[in-house]
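You will see two complexes here that share chain A, one where it goes with chain B and one where it goes with chain C.
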Partner chain A sequence: MKYGYYPGCSMEKNARSYHDSTMAIAKSLGIEFVEVEDWNCCGATEYIAIEKIPAYALITRNLALAAEQNGSTNLVAPCSACYLNLKKADHYLTDDPKLKKKVDTALDAGGLNYQPGSVNVQHLLETIAIDIGYQAVEDQVKRPLYNLRVAPYYGCLVPRPAAMEQFDDPEHPVTMDKILKSLGATVIDYPLKAQCCGGHMTQISEDTALEMLRRLLKNAADYDADMIATLCPMCQLNLDAYQDAVNARFGTDYKIPVVYFTQLMGLAFGFPASELGFGKEIVSPSPALEKITVDPPKTPRARRRGKKSGLPTPTITEEG
Partner chain B sequence: MDHSPRAIFAMLDAGMEDQVLASNTPWYCVSCYYCMVRCPQDIPITDIMYTLKRMAIDAGHYQKDKAPEFSQTFIDFVESNGRSFELGLAMRYHLRYHPVGAMKMATGMGLKMFTRGRMELTPTKIKNLPQLKSILKKAKELGGTA
Partner chain C sequence: MSEQKKSPAEQEKIGVYVCHCGSNIAGTIDVQEVAEWIEGNPNVVVSRNYEFMCSSTGQELIENDIKEKGLTRIVVASCSPHMHEKTFREATERGGLNPFLYEMANIREHGSWATNDKQAATIKAKALVNAAVERVVHHAPLEKIPVEINPKTLIVGGGIAGITAALELAEAGHHVYLVEREGTIGGHMAQIDKTFPTLDCSACILTPKMVDVGQNDNITLLSYSEVESVDGYIGNFNITVRKKARCVIDELCTSCGICEEKCPIKVVDEDYGAGITYRKAIYRSFPQAVPGFPVLDKENCTYFQTGKCKVCEKVCPTEAIDYEQEDEWIKFDVGNIILATGYDLFDARKIPQYGYGRLANVFSSLEFERMVNASGPTGGHIVLRDGETEPEKIAIVHCVGSRDQNYNEYCSKVCCMYSLKFAHLVHEHLPGAEVYNYYIDMRTPGKGYEEFYHRLLNEGTHFIRGRVAEITDADRQPGEEGKLIVQAENTLLGLQQRNAVDMVILSAGMEARHDADEVSKLFKMGCDYDGFFNERHPKLAPVATMTDGVFIAGTCQGPKDIPETVAQGGAAASQVAKLINQGTVMMEPVRASIREDECSGCRICNNLCPYNAIEFDEEKEVSRVITALCQGCGTCVAACPSGVIDGAHFTNTQVLAELEGILWDVQSDVTAKQEVL
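And then the complex of A and B:
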């Protein structure tokens, strides 16, 4: 199946492992990604804070290029901020004729035009979970990730905002959980899975940012996660590169690797770790990956009960 | 944070525009859209925070905070290259605001990122930069912050 592909600036270098692992698994899943030629930055969360019309014009140039090059198509963005910006621009241009008129005029100055709705913006998670499906993912698994305890971390911009049509629950998303489960991994309960990593807050108020990161790391540690799986370059950077700073600030000793869900998919599909960008992390995932076993985890034994005496109590069989 | 988001909305209701625009609250918004999911009145709170940021800049109320400078530095690179440039952003912004921190970052995390091949040393430019520049120039003429 053919999809337009908008990598976004982070994928070029900082999150190269996300890009490489995405390309690797795409082959196995029968996805053909066609990169939008000469795409530009989406403006992240910054452009819109300074100027409105230029921010929308900047984003919409990408939609116009995607439509021009590939016609009406699905456009896949693996980065959360890129995904949100592209989808939001398309949505607001549909809803707000005044905004559309201004953006049209701006695009026209560059010889472009864009009809809202002609490109269907998807996050990569949506493409894999909804379009491809969990069974197709499971069918590709050659080396299951048995006994690897993974915290599924979605962050904020993929599940939200709810004003637009979403493919997963805005507060309790489950699509990545299901993908990781089909890889054989043990997906842990991760109550903070859809909380924000702070984004650019590390640059604005380090106190605020480190506290947000500490909570996410603590929550993963509390549930004995071997690693955190993410779907966003910003989340990966913050949790991985600032983990030392969190430890220094709070006297903690977290060593939780943070990898892209596509890297774990690639590993389970049998690709060598080197082709999936492993080794670029600040916190090494090697000790966690060594925990993967050939045999599936044993079903936990039913809790031993005391002698049957006293009041009759209902018995509950524990599920594996 | 000077005022909680609830206080900001109450202050807007009470017509305290100057105090709202002078407050650092909108600049502490991480843009996670949680409030928009939770709001029973469907108020686009995140979008309003962005609007307040733009209005604060227009009103010249932002000098006391470095957050707008971060945004501005970020978009300067985007406007001149069509792409963001992490190293340039970190250097220019940090050298201006906390040179000691900049040195620490360059030798600590920056170095780690660099040795793992995760940092570009020169900015990438898009091919049709003149097209993007004409689009942005026209967009700026059409302006309007709110």
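And then the complex of A and C:
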């Protein structure tokens, strides 16, 4: 299937491994990514707060290019901030005719034009989980990630673009959990999966940022996670690059590697680690990856009938 | 009842009455202009506007005009026919005309209440009045059809609403069929420990009534049964009930309970036990169950799954176990139906950030009811999920799934009060435990309810005003380890607060039954936006439905507490008793009829009729409508390829005239129309 692809700035530099692994698994899953030509930065989280009209015009320029160049109406953004900005621009242009008029004028100066709604902006997770499906992912698994305990970390942007259609529960998303499960990994019920990593707070208030990161790392460690799987370059950078700073500040000794979920997919699909961008991390994932076993973990034997221990506990079904 | 063609010369004398309805209509519609405009119609002899047409003086206007001015047709432009069609038909009749020579134009619900635009509302009112005037000319006098009321009644649902209604009718000497889906009657009230605000034991006040139901000769109790089909109409419903096989022979079983005791299979009781209790594969929900004989749960029974076991058969002293028992279909006729099908508890799993189903010590309100009950899984001890540890700090979260646009927008009405009751029970069972009630607003309207709230304030319950954001086990600060952390904004202090507790109780709201929509279709009535059964009128007909002879009571209509539910059960019973005492009701003569001499005998209409009201005369080779069964739905009228079926009061001429009337350009002079037509 053909998809438009908007990499965004970070995919070219710090999140190169995200890009490489995405391209690797795309082949296995039958996805053809067509990169938008001459794309520009989405403005990240700051620009909209500073200058609204130029910010929207810059974002919408990418949508206009995608609509013009691409045969597919789907535009995939793997970066959380890019995804949110593209989706938000499309939404507010539909909602706010005044904004649209101003943005139209700006685009027109560059010989461009964009009709809101003509491009369907997707996050990469949505493309894989919803469009491709868990079964298709499972079908590609050649080296299951047995016995690897993974904390699925979504961050705050992807699950909850305000006032827009959401592909997952905004407070307790499960799509990445399901993908990782289909790879054979042991997925922990990570309570902080949709909480913020602090974003650019590291540049503004280090105290705040380190405390936010500490919580995420502590919780993953409390659950004996071997690694954290993420889908956002910002989250990866913060958790990985500032882990030492957290340890220094709080006297902890966290060594939790933070990788992209696409890298884990690539491993399970049988690609060599070198093709998936492994080796660029600050906290090395090697010790964690060595835990992967050939045999699946033993499922604990069902409790013997009649032997009562405590009260029956409600459960959530897989679909729920 | 064939159509009467009017020659243009044969003019009717129409009286038109435009109602102000105080300011309800006159505040938006220029009633005087409407009345004056329609007076231009050559058939209109008198056109008035009046403040309240439904008042006795208003009705007298109609009566006097008929007598004095020799009117032959009446049009009232006012509210919905549901409200006052009957009123004005009777006024027409008192004036000496057949009541069906009257037509109503609804300019309130369809006009003044629909917009604030006065000009648009006035234009629409003219169109509606014009349509009624054009239609009424073609009306024919009709006679109402008397229908006898079968004095037996079907009540669906054996909770406190159904029990109350059944006992009221049975004690008045009328026969009742009480159909209950579960193995026993009792409903949710049987699960509850104490009732607010009096704190009397729920079972103690309920079980005597259950026993009365079981012993009353006028009540046929069909437990573990479901209504399969409903045919007919008020006074004459034909009911089919499927009595599910419980694999126990009623006549032989002595309710000794030994089968239950000896059964080796233990499963979680999701219904009565709220998921926090175990039961056997052959079981009674509770010892006081009515009827007292157990139900065999085939899905979990070893014999049904593997072909071996049969322990219950071996131990039964009266040989009452019958593995071969099959479902039974029972047919009977009733005159009226009361639906008292109750509610489902909101499933707190839908709010994942509250952790129900993920975090062991998050409990639903019904789980807590069972736990705190002396006959519950812990004998009334409040403990954590491990079955042993007593909690020291408990948070009770109000409005779970209620007053929330993501789930149910409505207030579930009972949760504030039962949350207060929970807080009290914790204080009583675990003196020294700290209780935190997280509420949005405290809603305690009811006799003695506010006083109960004050009592709890004095008992030392902590009240925190704020909707809980999340409940998590992710500890962040010292002291939070191994606890459940409740995060909420205390809106009175304007502070985000974290509170580490041992146990959380989610006060989930009431929802419409998951199958309420199917049930409503079975009984040919409707559900509201939230999925609850729709009452005929929210204020004046709260237990009636749009279907004559079908009544509703209790929480199937919307969230309510026990006193209100009991009141509705009684109200529904008295509505039914009224109809039984009347003996007959007059039914609308809106019926189909087939012009036999023109019928080709194609029989297309025969199978289309949803009421099986069309028979085929083999000799004459024509179809014929059985008037007593016909409900006047019009399906056959529309389907007849020869156009020889007439729907009384909805003839082609009448409907087309109405259409012409409503499509007329009302901004032009009404007199000009006659020339065009």
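Here is the rule we go by: the second predicted complex is superposed on the first by the 297 of 320 C-alpha atoms of A that agree within 3 Å, B and C clash if a C-alpha of one lies under 4 Å from a C-alpha of the other, contacts with A are read in each partner's own complex, and residues count from 1 in each chain.
By our rule, a contact is a pair of C-beta atoms (placed from the backbone, for glycine too) under 8 Å apart; a residue touches a chain by one contact, two chains touch by 3 or more.
Owing to the predicted nature of the structure, the values given are computational and were not obtained by experimental measurement.
Looking at the shared chain after the overlay, A:K87 reaches neither chain B nor chain C. In the superposed model, A:E171 makes contact with both chain B and chain C.
Within the superposed three-chain model, A:L311 lies in touch with chain C and out of touch with chain B [touch as defined at top]. When the shared chain is aligned, no partner comes close enough to touch A:H123: not chain B, not chain C. Within the superposed three-chain model, A:L192 lies in touch with chain C and out of touch with chain B [touch as defined at top]. In the superposed pair of complexes, A:T208 makes contact with chain B only, with no contact to chain C. Legend: residue contacts after superposition of the two complexes on their common chain; A:K181 is shown touching neither chain B nor chain C. Of the two partner chains placed by the overlay, only chain C lies in contact with A:N219; chain B stays clear of it.
Which of chain B and chain C touches more residues of chain A is settled by the count: it is B.
In the superposition on chain A, contact is made by A:Y47 with chain B only, not with chain C.
The contact surfaces that chain B and chain C form on chain A in the two complexes overlap at residues 171. Interface residues of chain C facing chain A in the complex, by the touch rule stated above, are 264-266, 268, 275-278, 349, 351-353, 356-358, 360, 364, 367, 371, 377-378, 383, 385-388, 470, 472-476. Of all residues in chain A, those touching chain B in their complex are 9, 12-16, 38-41, 43-54, 56-58, 61, 102-103, 105-112, 155-157, 160-163, 170-171, 195-196, 198-201, 203-205, 208, 212, 241-242, 244-245, 279-282.
Chain A makes touch with chain C in their complex at residues 169, 171-172, 189, 191-192, 215, 218-219, 222, 305-306, 308-316, 320.
Partner chain A is touched in their complex by these residues of chain B: 27-28, 30-34, 36-37, 42, 44, 46, 50-51, 53-54, 57, 66-68, 70-72, 74-75, 78, 82-84, 86, 93, 108-109, 112-113, 116-120, 124, 126-128, 131-132, 134-140, 142-146.
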